[in-house]
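In the two complexes below, chain A is the common chain; its partner is chain B in one and chain C in the other.
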Partner chain A sequence: MTRFFARRVAQAMLLLVVVSAGVFALAALAPGDYFAELRSDPRVDPAAIETLRARYGLDRPLAVRYGVWLGEAVRGDLGVSLAYNMPVTELLAPRAGKSLELAATAWVLGWILSLALAVGAAVRPGGWMDRTTGWLVSGLLVLPEVLLAPVLALVAARTGILRLGGFELALLALTPGVAPVLLRHGRAALKEAAGAAYVEAARARGIAGRRLWLVYIFPAAANPLISLFGMSFAGVLSGSLVVEAVTGWPGMGPLFLDSIAGRDFYVVVAVTLMMAALLAAGNLAADAMLYALDPRLRRPQ
Partner chain B sequence: MAGADLLVDVRDLRVEYANGSRAVRGVRFQIRAGEVVGLLGESGCGKTSVALAVAGLLPRAARRSGTVALAGNAGRRAAVGFLFQEAARVFHPFLSLGRQMREAARVAAPEGGAGRAVEAALEAVGLPAREFAGAFPHQLSGGQLQRAQLAQVLVGEPAVIVADEPTAALDRAAEDQVLDLIEGTRGKAGVLLISHEPEMLRRRAGRVMVMYGGKVVERGTAEQVLDAPRHPYTQALMACGKAGKTGGRIAEIPGQPPDPREEERGCSFATRCAKRMAVCEEREPAAVDEANEVSCWAHGE
Partner chain C sequence: MHWRAEAGTLCAGIVLFGMTSLAAGLRTPAEEVAKYQDLHGRVGGSLVVYQRAEPKTLNPLFGFDLSSREAIGLLQADLVHINRKTHEAEPALASGWKVSGGGRAYTLRLRRGLHFSDGEPFTAEDVVFSFQLYLDEKLNAPQRDLLVVGGKPLRVEVVDASTVRVVLSRPYAAAERLFDSIAIVPRHAVEKAYREGTADRLWPLDAKPGSVVGMGPYRLKAYTPGQSLVLERNPFYWKVDAAGRRLPYLDTIEFRFAGSEDAQLLHFVSGDAGMLSGLGARNFEYLKQEQRTRGAQLVDAGPGLEYNFLFFNLRPGAEGGDPGFQVRHGRFAQDAFRQAVSAAIDREGIVRLVYGGRAAAIWGPVTPGDRRWWDEEIPRPARSIKRARQLLGSAGFHWNAEHELLDLRGNRVEFSLVTSSSNAERRRTATVIQNDLSQLGMKVEVVPLEFRAMLDRVMRAHRFDAAIFGLASGDADPNADMNVWLSSGGMHLWNAEQTSPATGWEAEIDGLMEQQMSEMDARRRKKLFDRAQALLAEHMPLICTVSPDILAAAKAGLENFSPAVIPPYTLWNVERLYWAPGSGGAGASGAR
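The block that comes next holds the complex of A and B.
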């Protein structure tokens, strides 16, 4: 067991280092840097720009910059925001909290809604819940949040039912983008589990009703859903960044988009890395749950 | 139901699947307390459909007509214990054997005592509860799993055990062990033993029925049917004797078994039969029932 998790944690760490190097390289390879615009201003002395670049270490080779950054990142220092002239961690912390609040609510809500609907659909195949959820999935899946969010924001601005920049508006714009994917997988997993050979065999033994669902079908359906559970949070959070920017929720979203446009290097790296870290953490949590669920992992033959 | 020891009384059983396949075309037989009735036939002859119909396990889309009367509490599924061919597909991979046995035992004895019934059943099939109740399916061999399935059937205290090719996936030693255990543990339960192997039925069954094209074409004691077959199909089947475990379909008889989706006239074996007469292709021979043991125009003439 210790070996199983030690390996998984080591893999996650390695993944983060690789991702950080990749993001670092991509962000640095993009043309120009934060001070590029200053150069076109004739009133600014080029020597002063070079001094600024040197102060933030932008004049050093990429590999050296990455090495220095990695050494500090391990100690919890993710660099400095050039636009705000303050440590990235200090700048991001309150906004990350807001983003996590929104994404976590939409995530939990999305799972509850879609699992409830999926169970309703699987219990009576061909029933009205089954047919309705089928339509709902195909209808909502084609509706991207980048479309839904501006429409809702417009409605909010015109009617005043929902406050622009408010939590409810952002949540309403984000959840419909989260739920359909979960509903589709939940529905498929439950239906497949309900038709598994060993569930048929359990029925043949007279096991039926609630016990059949609780003891046999739900655990069987949990297996594919747990992996999705682990991956889905990072996905919701990245969707949340877009929704935040459109609806005005004061999370990392607006800041992240600004930092990309303004080449605020360390902010871009930090936000991207946070996504990767959440993905890795989600996968680790999923591994732990699968380990608890499936005896074939706990006790190999 | 006539006779206190009559456990199963099947009359004019017909099964048709949603794809139009008429798998069973009028089958009549009885099983009495304590007897082992063999059902012999090639794959596709309809023997599994007969087994599922007796156990009440036909898929919902299948149409069944005729009557299947079971002794005792006919509504309770546990009146029939079904032994599936592949034990590995019968057990839930996430649940311990003991847990799955207890779920089945609870159906038979909702008032309690499931734990002791499970221990007794496991001991009876030679899987000591101390060692195997906590084991998971993937930790057992094929033979052990089939014995565990037998134990699960036994805790349901069935009046009849329907065993559909219970040893087709096992080697000879495990096969003998499983069949000995069925013999030794069934008590007064009747057994419907389904196989494509005449040799196995010769050793294990008291009476044997031979199925072809969805009908029983011959019945009698095992010695009579297998040593002195009267129906041309049984004769051909026994002549190519060692068709063995591999195929299930006997290639040495010229021609193909009938397409179960086709309406047919006359005897279903007529096209492949060496003793074919004009009448065989015109009219169906008298069906096998209490009075008639062989369904063939050539018989007795």
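The block that comes next holds the complex of A and C.
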């Protein structure tokens, strides 16, 4: 067990290093930097801009910058925001809290709704519930958050039903994007498990209702859902960044987009790394649950 | 014993009170406030302003971006301030100034008895200290370049407790305008950080409210990350209205952050925002039609100081000596080619199609909004394809059977036109120009690039044929744009940082601009600058197209709302703004 988890943790750490190097290189190679905008101000001398670039180390080779950053990141210092002139961790902390609040609520809500509808569909395959959820999944899958969010914002502004920048509006814009993937996988997994031969055998032996679902169907359908469970949170959080920027929820989204446009280098790297870390943590948690639930994983290789 | 002790304490108290009062009377002269005789407003209420982006800092030395500058402008004050309506320099913390030494020395008399927002007195030492910060090479504040005249930094010295003298290395016309937006920072609050080498990290957004000190109409009340920045009235502000009531009228200004112009608009439509600035023409028209904002004040202040233009890369050897570019460069360098391009561009069409009529066609970088420096004599020929063809023909260009334009060697005339992808108006302008020039047989490929990528390509790498750009100075005076006009300037976009002027007319412009910079007679100065404008209009290194109008909106009932063409467009007179009785303005219920 220790080896299993040690290997998983090592893989996660390696993933973070690779992601950080990749993002660092991409962000650094993008043309223009934070101080480029000053070049459009006729009153600012270009020599002053070069001095500012040098002060923040933007004139140093990429490998050197990455090496310095990695050394400090290991100690928990993710660099300084060029725009805000303050540590990235201090800048992100309050906004990350808001993003997590929104994403976690949408995630939990998405899972509850999806599982409830998936069970409804699996109880009677081909029934009205099954058909409705099928249409719902298709409809929601083709509805991108980036379209839904501005439409909802416009409705909110014109009707006053929901407050622009409020939690409810952001949640309403985010949750429909979360639910269809979960619903699609949940519905497929539960329908497959409910139709399996051993479930039929159990039914033939007179087992039905809650016992049939809890003992026979759910455990069989759990594996793909647990894998999805691990990955889904990071997905919801990345979706929330776009929704936040459109609806005005004060999470990391507006800052992240602003930082990309403004080339606030270390903020972009930190937010991306945070996403990767959440993905890795989610997968690790899923691995732990699968390990606990699936005896095949506990067998010696 | 007990009684004697009490009597002793009382006597000591009286003596102490007397001495304190006397000392205070000696130390603190009567407050020399600025009085608005025409102002009869109403105290109270609040104003919610949605900014496109969150301010980044409250540090006046390092607030580069528009949002930060807007917030800092309310927290800080300057010695001399340019009135955004009249464009004239007016007394601010300095109650007056005297020019001597043939324009080399400015003696500024400071208002006496004023206090910073934390109650500490304002002195001449604060002024000297502030300039020390701005001019410190180690700190390298972006404003430093403004304060270096003739290659030497200004020298600021204390004459007496309420007088400072600013000495320049050479005469400098309208040097008092240099002091606009140079915030006077409190020595007592900043010096420690400066000595410790941390002045650049001073006053981040999450600074404690009491620690951000200034002499502006407001002071920091609260900041919620990503959400809002709330400013409250500075009880020590040094301006009063006709009745002697201390300004500003509005109790609080709350900046909230929208993220985009469209989001700003939605907040205004929903009634959250009390004021909207920097509106595009399309959104301005939308507001005019929108039922929910009926009754709101929609103001078109006319063309601002922003000038949009097309320019060619005239830098020899750019594009790493690429032979293809050398051929194109040969064409760009011909005056007749650029004049033909200018003649073919339908400026009025751009005004109509791109800006919905809310812009002015321009033929030079000085816009009609810059009333004092606008030159009526600059030729403004109507669009003429015929004249463009004549100019090209006279320079040896010709057309093949397919009506394609060819140069002397028979090469097709084609070039790429770089523009910012994030600026919808400039993108559309590029398309109009592409179409206009196709009528001359030119093949133009429009290349939209992300704004910073474009700046990098044009201004650092110099890898481009032609670009569409826009510049807006923070002041209406030509000295603010010296970097654009001088051939040695970093913003001399078509061929920057020349060691010696590449052409005769650039040498002449250099001479004229240097002369006008030192000319103390306003009329002679205008003549010199008019000649520089005429040269630019003749040789067309910048083919100016349009100057967009400044568009803004405010809720009904916000009195004294009067957008200007110099930034900050709407909050420049924030101390005069107030809610009319019974108005539905944000927070107006709190008015008293």
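As a convention for this text, the second predicted complex is superposed on the first by the 289 of 301 C-alpha atoms of A that agree within 3 Å, B and C clash if a C-alpha of one lies under 4 Å from a C-alpha of the other, contacts with A are read in each partner's own complex, and residues count from 1 in each chain.
The criterion applied here is as follows: a contact is a pair of C-beta atoms (placed from the backbone, for glycine too) under 8 Å apart; a residue touches a chain by one contact, two chains touch by 3 or more.
What you are looking at is a predicted structure, and each value in this text was computed from that prediction instead of being measured.
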item: Which superposed partner A:Arg75 touches (first chain B, second chain C, both, neither); value: neither
item: First, second, both or neither for A:Pro219, with chain B first and chain C second; value: first
item: Partner chain(s) touched by A:Ala153 [first = chain B, second = chain C, both, neither]; value: second
item: Partner chain(s) touched by A:Val246 [first = chain B, second = chain C, both, neither]; value: second
item: First (chain B), second (chain C), both or neither touched by A:Pro42; value: second
item: Touching partner for A:Ala197 - first (chain B), second (chain C), both, neither; value: first
item: Partner chain(s) touched by A:Arg205 [first = chain B, second = chain C, both, neither]; value: first
item: Chain B versus chain C as contact partner of A:Leu164, first or second or both or neither; value: second
item: Residues of chain A touched, compared between chain B and chain C (which is higher); value: C
item: Contacts of A:Pro295 with chain B and chain C, given as first, second, both or neither; value: first
item: Chain B - residues contacting chain A, complex; value: 55, 57, 76-78, 82, 84, 86, 89-96, 99-100, 103-104, 106-108, 136, 138-139, 152-153, 156
item: Of chain A, residues touching chain C in the complex; value: 30-33, 36-49, 51-52, 55, 83-86, 90-91, 94-95, 98, 150, 153-154, 156-158, 160, 164-165, 245-246, 248, 250-251, 254-255, 257-258, 261-263
item: Complex contacts: residues of chain C adjacent to chain A; value: 53-54, 56-57, 59, 62, 64-65, 140, 142-146, 200-201, 204-206, 224-227, 256-259, 262-263, 266-267, 269-272, 292, 422, 450-457, 459-460, 469, 471, 473-474, 480-484, 490-491, 496-497
item: Residues on chain A engaged by chain B in the complex (per definition of touch); value: 197-207, 211, 215-216, 219-220, 223, 293-296, 299, 301
